[in-house]
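The structure follows.
Labels for the chains are A, B, C and D, by order of writing; each one numbers its residues from 1.
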């Protein structure tokens, strides 16, 4: 695993770590932003099927510039392609896949994750913000495993992993694992367990940047 | 309209009367038995689309003997054909059409119809009978207009139009019109209204064979 | 590489155990997965709950499974038909339980189960025997009964074509319950007439996307139930 | 003879009046029926409730309808996007109401409305702001909120092909909300790129059966919203 000069993981590192943990043959929905990078990081020899909630199972790589099709887009409204063996369907069928527990993994960005796996990623709650939720609440309620890819702290250095979310929730007790630029952290019944640390990060340093108690789980990786 | 030598309507007469009342362009589901004859009686120049609840919109005529397809059947499990412009769909979509009020007319057979339009057509309620309901309860609950085609009395001469159904109900206050070998009768808020009588039938004779009061509505046909 | 194809019918049903719930596709013989059902007869597992619109004909297919004493309970809409002999006999003898469900409610309960909907309301069966004991609730002045989503451990389904991802296309009215049963089962096992390459089914015309299918068995020339019944065949 | 084709966009929307509820298909520009929306802008009717996943881009299509002051309320999942300027401005000024619905709940509410289901339960939004005020009920130990089916007076939808019966085929991810909105609207109005003869759409590949469609408008070369936005176009 490569890392930045300061010993933290890059966004691509985070995506590679998340991709490593996705089992061969899994059905996966990728959120907008850093999660989109996961599609490029599927290990050689494995096959993962990507779902986009706007009606496509079997999302392929980005189109060659100039060959974009405005009727073939992902949930972020970016042009995509479809693999051979893809299927199109309408929105109710697409969310039947999500709500019915048929997707294996949902990879999402986040504004905050709580010590018990509550997720906040749809609204700052500010009075003049335009609230917009999209499919996030459906994904966290329906997909078997929900993982978050995000920077460990805000731009101003505040922890995004917190005892309790201050932003409006997307779902309660929904996050299973968090990948940040500093660490891989599991949400367990015992609490937050740090499984892996970026090369330049110490446990003490990680704890200092985290708004909830961490358990050092590096000796008993799941 | 032809009639039998005793002045009663034949099954084909009843089907023709029912077909006459179906508007051009209607979507219609035909029950098993006498109702199936309605398909052959659509007036020239009109087009009616027949739905079968096992997943076909655009049921065509019976296949030429020898060309039956066991995978192309109607709800009575008889071989049918499909018109050009037909569509196949699964059972949940098929009953979405029914339950969602998209079908214009449901033509059903009946064991009993009550004075208020209750329908009994699925079970005799006898202890050793094998209960079987099929799609009848869905049809009467969902289709905009429900009409019944049946013999006016049982084989032993008992009225099938009754004050209250003695057989288990298929639905409450669901029947709009009844076509029998003797008459065309509407279920209205005022009661049962005889709209048309077969040529050899008098109102008094009809009333004598009917288990609920009839209003003579022949002067104000709807 | 994802490949859901390649198992035999016997292998495909090898983990269906005693007491399992099994959805079985088909409306009459159209879409009935007769080879998969016979593989389940061969296994001899018992105490099954079977969800299927009918109860089979003659002594083959679903009727053979019932005749073999493997089914403790049927959930269906129409257990009676021209050549349905086995179920009525066992039912009258009190040897098999029946949950009778209106056909559209059955379809919607299965679809709901597959779509993660635990319960919904429908006007079907309000005021009838089949609505008895169910919660009644009024919306906009009309009464509805509450019905529960239905899932199963397994589904046995017949389709026409499949690719290695499990994408399915069906034939005419043999589609019927297949797509929704694939959605509602934890393990959906599908027999198809033909396996095609990925892309061999137009992605616009895939009826069941592969995510709903776990195993595909190729049966190039399936037996036709009505012919077996006409010949008086008995399985096994 | 049944023939749902042959009207112009203006004729197709001529009976959409003040206060109507209108479902508008599309996910972003994909599947957005821009010519039908512009015909509705031309009509100038007001006080509309619009159900659509987004709120449009730039000053064309759905955004033009909103900018024109015709929409009193939006029911949608994602009213914010890169080129979404009109809605935020009116929303902040208190000139348009918003019912925010999770995308999957929105889709299922529309499908339920079309399928005659007045209400259903979903785990989506439990314990969140968007679940507040909704009935919560536990099934098998898990909490769900009750959501209501959603219907509308009209739907404006874009598909790829139609025949005179109203059977529809779509293109790729432009399918999105089209099929369920056709189901849920009392009058579904569809613009298509091409009209074909009956049978021209394989009956196995019809996505929306004609029973759900009332009017079809052929628009052989629809405008592309993103290009209009890039050019800074303003409708009308």
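In this text, a residue touches a chain if its C-beta (ideal position, glycine included) is under 8 Å from a C-beta of that chain, and two chains touch if they have at least 3 such contacts.
Here the structure is a predicted model, which means the values were calculated and not measured.
What is the graph distance from chain B to chain C, where chains are linked when they touch?
When the steps are counted carefully, the minimum from chain B to chain C is 1.
Weigh A-D against B-D on C-beta contact pairs and write down the one with more.
When the contacts at A-D and B-D are counted, A-D has more.
I'd like the Å distance between the centres of chain A and chain D, where a centre is the mean of that chain's Cα atoms.
That gives a centre separation of 29 Å.
Could you please state the distance in Å, as a whole number, between where the Cα atoms of chain C are centred and where those of chain D are centred?
Each chain reduced to its C-alpha mean, chain C and chain D end up 34 Å apart.
Would you please write down the residue numbers of chain A that are in contact with two or more other chains?
Those would be 82, 88-89, 92, 95, 98-99, 142.
Where in chain C do residues touch two or more other chains at once?
In chain C, the residues touching two or more other chains are 108, 111, 115-117, 122-123, 170-172, 204, 207.
Line, ring, star, complete or other: which describes how these chains touch one another?
If you draw each chain as a dot and join those that touch, the picture is no line, ring, star or complete graph.
Name the touching chain pairs, would you?
Those chain pairs which touch are A-C, A-D, B-C, B-D, C-D.
What part of chain C is in contact with chain D in the complex they form?
Its residues touching chain D are 108, 112, 115-123, 137, 139-140, 142, 144, 148, 169-172, 202, 204-205, 207.
Would you mind writing out the residues of chain C in touch with chain B in their complex?
27-31, 53, 77-82, 87-88, 91-92, 98, 100-105, 107-108, 110-111, 122-130, 170-180, 207, 224, 226
Of all residues in chain D, which touch chain B in the complex?
1-2, 111, 113-117, 163-165, 167, 183, 197-199, 203-204, 206, 209-212
Once bound in the complex, which stretches of chain A touch chain D?
Per the stated touch rule, the residues are 52-56, 69-74, 77, 82, 88-92, 94-95, 98-99, 123, 128, 130-138, 141-142, 168-172.
Going by the contact rule at the top, pick out the chain B residues touching chain D in the complex.
It comes out as residues 24-25, 27, 47, 49, 51, 57-58, 82-89, 92-93, 95-103, 142.
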